[in-house]
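First comes the structure, then the notes that go with it.
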């Protein structure tokens, strides 16, 4: 098992952890930040798999624009999720 | 938002715009292209919107819409340039004119003046994506009153 | 009762996905690569582009890019229609 494979497995575990955190958190702003971090790690995973085009698109759309749109939507509505 | 966010945004936005322009301009040589560069440049618009609030950038909505339409029209017109052969045929590649320098086979350092209609299409799609995503972001920010909390 | 239904549905879907994953090829070993070899060999001569991905996106598969541009246009038009300011 090379160092690159270990790095890929680590990044995949972090992606799953960020996604679970995004669903689990009650503070919606923190949830959006967790989703953005997960998306950025997904871009890193694309780069490690030698697809830099997809990595740039994922980092631009997934990490930046989606986070910005969610932050704007939270600013217009409530921040805390209700039971 | 706070003054820290505004100061950081004032420093970062030109850097992001220059990087987006680089990704679009070198789309036929390096990884990236029109869509990726346009998305990177639109993230600068998102940062501006989050930093200074939507009412301050209300004026940008109409230019973004016009940019989106112009990019789409330019893309279709560039596709029609090769209509003598087929739709989307690359009629400028290797002809010696604009973007027409020939490329030697195999690994070689990239020359900017190559690839025919591909760089022009990169610019068209890049401006289209920047305009479209920027207009969507400004519309989302302006929805439901002008409050800036 | 409902809990067990959800659990059974989850088990069935996960089992189907794992069964599909078991039949995948080894990582990085595609079998049908005639099209890849064509693009690698000809893109520099036909499109005069060093970046093969951009040559495919904007030249060989230009119709797909046109469809993507149309999708983006329709999305922007939809957002502009829904979020417009209604005069009262």
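Quick notes
Labels A, B and C are assigned to the chains in the order they are written; within every chain, residues are numbered from 1.
Here is the rule we use: a residue touches a chain if its C-beta (ideal position, glycine included) is under 8 Å from a C-beta of that chain, and two chains touch if they have at least 3 such contacts.
Not measured: the values here are computed from a predicted model.
The touch graph of the protein chains shown is a line. Note on interfaces A-B and B-C: more C-beta pairs are in contact across B-C.
A separation of 21 Å divides the Cα centre of chain B from that of chain C. Note on chain placement: the centre of chain A and the centre of chain B lie 24 Å apart, centres being C-alpha means.
Residue positions of chain C touching 2 or more other chains, listed in rising order: 53.
Each of the following residues of chain A touches two or more other chains: 53.
Residues of chain B found to touch two or more other chains are 31, 33, 35, 136, 140, 143. Per the touch definition, chain A reaches chain B in the complex via residues 52-53, 56-57, 59-61, 64-65, 68-69, 71-73, 75-76. Interface residues of chain B facing chain A in the complex, by the touch rule stated above, are 23, 31-33, 35-36, 39-40, 42-43, 46-47, 49-50, 54, 133, 136-137, 140-141, 143-144, 149.
The touching residues of chain B, when paired with chain C in their complex, are 27-31, 33-35, 65, 68, 71-72, 75-76, 79, 87-88, 90, 93-94, 100-106, 108, 110, 114-118, 121-122, 125, 128-129, 132, 135-136, 139-140, 142-143. Across the complex, chain B is touched by residues 44-51, 53-55, 57-59, 62-63, 65-66, 68-69, 72-73, 75-76, 79-80, 83, 85 of chain C.
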